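Letters A, B, C and D mark the chains as written, and numbering starts fresh at 1 in each.
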Amino acid sequence: MKKSSIIITSEKLKVQDCYDFVQDAACGGIALFVGTVRNHTKNKEVSHLNFSAYEPMALKEMQKIAALALAKFQIHKIAIHHAIGELQIGDIPVIIAVSSAHRKAAFEACEFAIDTLKETVPIWKKEHFNDGEIWVNSHP
Amino acid sequence: MKKSSIIITSEKLKVQDCYDFVQDAACGGIALFVGTVRNHTKNKEVSHLNFSAYEPMALKEMQKIAALALAKFQIHKIAIHHAIGELQIGDIPVIIAVSSAHRKAAFEACEFAIDTLKETVPIWKKEHFNDGEIWVNSHP
Amino acid sequence: MKIQLLFFGITTDLVGENSIFYELKSVATVQDLKNELLLNYSKLKNIEEFAIAVNEEYAENDLVLKENDVVAIIPPVSGG
Amino acid sequence: MKIQLLFFGITTDLVGENSIFYELKSVATVQDLKNELLLNYSKLKNIEEFAIAVNEEYAENDLVLKENDVVAIIPPVSGG
């Protein structure tokens, strides 16, 4: 049985897809994190975002996160889906879903996965404003 | 603007409803917890569950949890939905959804809400087996 | 004085009632009521503990009950 | 020896390339390559730091590069 679903796509991410993948008759709880595009950053209004990825490596790093989460926490399944391309305010760049028998493990694994993804997965966000654009995290 | 959605219902709970309520252009993340009915408990096979509530008081206690979470954590909105009546394996007894600007607060509030709900909200679960039934937590 | 008693969860099964009107001495606390209930419905001893809610709010043992209070017997909850 | 260089995120803009073939001395570590790149593409100094991935895996500075390695310049990531 496949225990992880790792996807990078330029289609819209669906919470239901992640839920359906991790849901299991043996599990008592599902923790999810859904990232959404905010309309501002540091008091500046954002018009839209653009995500690009080093796709083959990003998929490998996401797979590593899933494998580590499955080893480290008592969880059943994990889904890590990331969108690339242009995203508008309210759109979903990332979804993490984790199922487990007991909820504590699902919460911990979900938080671990999103924290690690933001540190290690080679995906880059460009924020677009009315008067310009910026690669996030790239300027000292 | 209404900051909390508190529902007890005998209809099927929908993750999308909770997501839609808490989603907001100013929020960067949404944490969700979805309880699901497990097919076993303490190595015994469960056939189905039945939830009953002291409904007016349960709604008040859920409202208190939402108000406390909104006061205690830097969050935008919170939804707490609970199902009553007969639930089958895989069905959803409870959904908690929390939106926030920064994800840590959403995770903390979501976990706080489900932990507190399980301690204070007057709702009772009866587990049905092939050979009998039991009120959960009620036997020494 | 008269109060209304509501039973939930396992206590409904133990007592065989959902809701009854109950005669109580004129000055009684939640603790007094708990003691009386354990005498009158000895099957309630089958559960480890129960809480009391008065008019839809959890009540401390020293709360003094009033005429027409709606008093709920709350066995250990198990929602979620 | 020849390696392939891939640029991502802000480094694509700074260098003006997505992917180039690059001639390197025969024995070179990741650290040697980083030093050379900062000389040859001085605009890379505009970012605080960058990591290197060799054949789709993060590489330490002391890793020795091989002919035909695919080497990616990884500026600070910002997914999620």
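Keep in mind that, in the parts below, a residue touches a chain if its C-beta (ideal position, glycine included) is under 8 Å from a C-beta of that chain, and two chains touch if they have at least 3 such contacts.
Because the structure is a prediction, the values reported are computed rather than measured.
Number of steps on the shortest path from chain B to chain C, with steps defined by chain touch: 1. Ranked by how far their CA centres sit from the centre of chain B, the chains are topped by D.
Chain centres here are Cα averages; for chain A and chain C they lie 49 Å apart. Centre-to-centre, using mean CA coordinates, chain A is 26 Å away from chain D. One finds 72 Å separating the Cα centroids of chain C and chain D.
Among the residues of chain A, those touching two or more other chains are numbered 35, 114. Contacts with at least two other chains are made by no residue of chain C.
According to the touch criterion at the top of this document, the contacting chain pairs are A-B, A-D, B-C.
Considering their complex, residues 35, 51-54, 56-58, 60, 82, 93-94, 114, 117-126, 135-140 of chain A touch chain D. Chain contact summary for the complex, chain D toward chain A: residues 6, 8-10, 13, 46-48, 53, 56-58, 72, 74-80.
Looking at the complex, you find that chain B touches chain A at residues 15-16, 19, 23, 25-40, 89-90, 99, 101, 103, 106-107, 110-111, 114.
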